[in-house]
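These are the structures, in structure tokens.
First chain A sits with chain B, and in the next complex the same chain sits with chain C.
The block that comes next holds the complex of A and B.
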């Protein structure tokens, strides 16, 4: 009698564990669990992974990338892609910096087409002004939004393929950023601007010095994420994004203003790229014509890892965050493991591939479980 | 079946973490009292950087120092993140080859705030606001030396018309490129009777950009007969452009373009030996590598957290005239001749 009770209890426990495991594996937060588990496993072997300084680094690295991924997410949800985010970063970076800079070296800038017109040895038109930082940032954001708007109009109204439109934008604005600066980085930016990327709220001691707890970029990331979450999850317009991504024609027939939704998505992406540009430029202390040249694959990689579909119709703000978190933790851990530099990229590629494969299998499992639940809303 | 597959992948990821962690602990942990130095470089795209990387890492390891290598793939933001990661690992010192002078200032500032001595190899910060150990060649003087010899050759082979000079300019965000350009112009501007206004071809230190820009420049100015490259690693692109135009000629052959560069790599040595190149400015790579390592190790030994010293490599110009005596001082020659 006792042994049969034991068997039943064990079977029940097994079923429970199985159900729990299935729940975790198919959970919306699976990538978060994966990132946390990965971090904890490695922490045992590499205690410095959890040091105050490394956590501060992770926190500082997450938010600028998160801002870019949120923008890309809007475009991915409607079934598009925005390759021009990197060039928007570059052009916004140099334009904002040229407006705000308080001094330029004539040896480097005298041959610049804007020399004597907009810029001089004394800097840009806003040099020394108290309004330099807010106006400079607004100009950067406006440039990003306008380029995004132009991309959106080309995709929606001219029915051009998003890949082609944003590829052309990427080439054009990358080239323009180099042209207007003649490849020079723009330095001597106001201290208030630099503080955005280099300052923290709260400090804790770490070794010989102290480290910051919460970078200013955190607030930009959280504010943007909150707005994006509200728009996607709590408004009709948010549902339109998913509808367009799942089936543009069906959405149009249902009365969704598809063209406006597409234009809006690309405008948001451009705006987010410009905001990312503010964070990265202030972090690096210069307006850089090559800013973001290598960041596109990180953006798309993090989005895909988070589970945002490249085919459209699927994506959530928190998935974007989980993807960025996993990506940044992975990146940091590989350096902490002190792998040789050429093995880091190989391992990173393999892990991203496995994560993407995992996402495919999870989706398949989820579809098997609930065949009708194919539409993912925020 | 799908859940099983998921479990397998999760297990695989976990196994990766365990194996990587174990390896990290068993193989790469520093021994008691062992120094750890982070060597962060922007990329290894030229022979100069490859040789510098080899000299630094091998020498440090021979001294029993643990070296953490970080390659930023020409991304200033990535290099900043890599250096921050290294600081989080409590390294004893940092050597960087920065992407450019501006990012060097930011990265040096990070190390200063963490109290870790930092050394900048060959590509100096754009200003001295943050203290660092810096080794840099006197690029202006070296370039001037090489171009002076080229001008001398031009004067000896004086033609009925003035020479049309062209300079392949480096990334002007890099102080080295600015100084090399200045060295070139110092010589050209001293001899207006000999030279027309020079043509400047931007390279951004990128072979593909150089090829495209140089092709365009020579299409527009086919009479170029005096060419200086700000770095020797661009010779393959220069040859690719000059050869189809019938301008890739040895010294003494009709149509020879007076050719010079700066760095002192093995390609430049070979081309000088074959008689295509007239002169090249040579940086003393091995002096620079050893000087920066010695300065950093001394700073670590004496407990300096933000040491400041700018070490200058005077370099020299290797010309067809002094080649027999001075070729062995050229690092490219040494790389070529070492087994």
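The block that comes next holds the complex of A and C.
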């Protein structure tokens, strides 16, 4: 009697665990759970992972990447891809820096094509001006949006494949960024600009010094995420993004201005890339012609891990955030493990592969719940 | 009676509690054409999917040639000599006929992985000859007409030694001549001893072809017997479970005088020529023509999807040469496409999202922010789902791809009705949907006209057009070559007009030869 009770209790517990596992696996926040679980497990082995300093570091790594992924998400939702984000970052970075810098080394820049025209030993056109920082940032954002607009027009109006279009602009603008700086970093940026990426709000003591809690980039990220959430979830344009991504022809037949929607998506992506450029450049303290050279795969990887489909029509701001969180936590933990560069890449690849496998499992579990098209139901 | 080649015994299958098949028992004699009919959702596809190894039955068993048959997957079915000719053909459009025929096993040179091209060509030619298809095996599939593609599919099946062939709605995209050709091929296959399972909504075809007819309803076999026991009425009665007294709703109101759309001498070289007609308020205007007659092209031009070279289209406002879909939609035009999958629906999206898409800008709340009144829109969509009786579990979460054909079509129509159209263009609005759903679609068209809208209804089924239209235009080879009022409807004369261009064309081609 007693033992059979025990058996049923165990069976019930098993069923409960099973149901819980399914819930977690099918949950919208699955990637978040995954990131948290990964963090907790690694924390046991590497206590430093949970230190105030590292958390502060994580927080300042998350937001610039998040900004880029949000932009990429818009393009992925309409069924495109934007490879040019990194070169937009580079060109915006050097252009903004050349405008704002207050001093250039003639030894490095004298052979620059712009020397004597726009820039001199005293820096760029906005050097020393009070308005240098706001105008510089606006110029950077405008450059990003314009390049995105050009990408969008080429894709929508000229019907060119997005991969080709953005690949070409990736090459072109990263080349241009190197050309106009002769491959030199542009330094001596205004203190106000540097504060964006290097200052924190709220400090906690850590050892002898203290570390910041929330970098300014946090606010940029949250503001952008809120706007993106609003646009995708609450506006007509948001519905159109998804519709175009799911079936461009059907959307066009239904009266959706598909060309405008596509151009808009690429413009947003360009804008977000430039905003990311502001955050990265200020943290770096320089305009760098190769800024973002290694970020592209992080952006697309984070988006895909978050669950944003490369085939279009699927994506949420939350998912983008979870993907970024997972990626940044992964990166930071591997760095903490003191692995060598190539080992980091190997481990990163394996972890991403596991995440992708889990995603397949999730989709299969979801399929089991909803009938597929081939099954005809009354 | 000889031993059945195929035996289904007490087959049952449920999906998530919904019963798709219940205790289906069925015997098929060898060398026999069995017509399998039933409404959408009656279980025909499920039964065939179980037979083809795509699905596993919950209960029951199957026997093939007296031996138990338990396919684990489609490959087992193929190995057992069973072939499917699907509604959507499974051919690679970018490859040649020969490539498609041998895609799972090319003839090779010895044991090398190299393709024995000469032998492949020769065998492909033989396979094509078996279905009387006289084209080079090197032809790319996407250059073929739908009818020829189907023949290639059949050739592929025969080439693999299929002895039981299942046709699922094979005639939907065929011209009448291609249909005719298909039927004689099926006839010949039967004489050669093949067993044919023929699934179709075209009851007249089933009656003509089949030796035996099986009627499914709600997952059960409700009637089965030699075709002599059936006529169209009894077939419909068995499928629906009640007698349908009326196939078409009665037109209540006569069309008005107000012209909603005036089309004058619209021409696009090589596509349509000199298309002129008026569409009146409250009118249901039919546009009949064979496949390739230009009927769909006219619809696309009117809606602004395709361009035209000369002529005018006036819809209320000033005539515009450059028409855009957006302008058409804003001007109150609706377009129910013949291609639901590619142009009508976002298959992955929910029923609600699909139906809300067109009317979305009408619910704009703040111009600057671009927000819309989500609650009001949802409410009207829910009402429309109720009015049209779109069958789904939850319209907000059910993806339309999980709906049956009839319900998908209702979603497409509902999407346009929400925009309260003044002019409705319906291209094959009843394609691939069952009789009950057809009647509902006819009623919707009728109501639309009663509310003062003008409806242009395109169909390749003459009977349905004569059933629902006030007047009828007949197209052939890109021109309008017949206009009929309701009082003048006469099937023979209409068909003669539709074939007119074709007959002319052929006599001209043959004019060099005697006789």
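One rule holds for everything that comes next: the second predicted complex is superposed on the first by the 356 of 378 C-alpha atoms of A that agree within 3 Å, B and C clash if a C-alpha of one lies under 4 Å from a C-alpha of the other, contacts with A are read in each partner's own complex, and residues count from 1 in each chain.
By our rule, contacts are C-beta pairs under 8 Å (C-beta built on N, C-alpha and C of every residue); 3 or more make two chains touch, one makes a residue touch a chain.
No experiment lies behind these values; they were computed from the predicted model shown.
Number of chain A residues touched is higher for B, counting chain B against chain C. Of the two partner chains, neither chain B nor chain C is touched by A:135. In the superposition on chain A, A:235 contacts chain C only, with no contact to chain B. With both structures placed on the common chain, the touch criterion links A:255 to chain C but leaves chain B unconnected. Applying the stated contact rule after C-alpha superposition, one finds that A:114 touches neither chain B nor chain C.
Touch criterion met: A:354 reaches chain B, while chain C stays clear of it. Of the two partner chains placed by the overlay, only chain B lies in contact with A:284; chain C stays clear of it. Taken in their complex, chain C has these residues touching chain A: 15-16, 18, 20, 40-46, 49, 54-55, 218, 303, 305, 325-326, 328-330, 335, 337, 342-349, 353, 356-358, 360-361, 364, 369-372, 374, 391, 399, 401-402, 404, 415. Of all residues in chain A, those touching chain B in their complex are 21-22, 25, 34, 37-38, 41-42, 44-46, 48, 51, 53-54, 57, 60-61, 107-108, 182-185, 187, 207-209, 280, 283-286, 288, 290-291, 293-295, 331-333, 335-342, 344, 347, 351, 354-355, 357-358, 361-362, 364-365, 368.
The residues of chain A lying in touch with chain C in their complex are 231, 234-237, 239-240, 242-243, 246-247, 249-257, 313-314, 369-378. The touching residues of chain B, counted against chain A in their complex, run 2-3, 5-7, 9-10, 12-14, 16-18, 20-25, 28, 68-71, 73-78, 80-82, 84-90, 100, 102-103, 105-106, 113-116, 126, 171-173, 178, 202, 204, 305.
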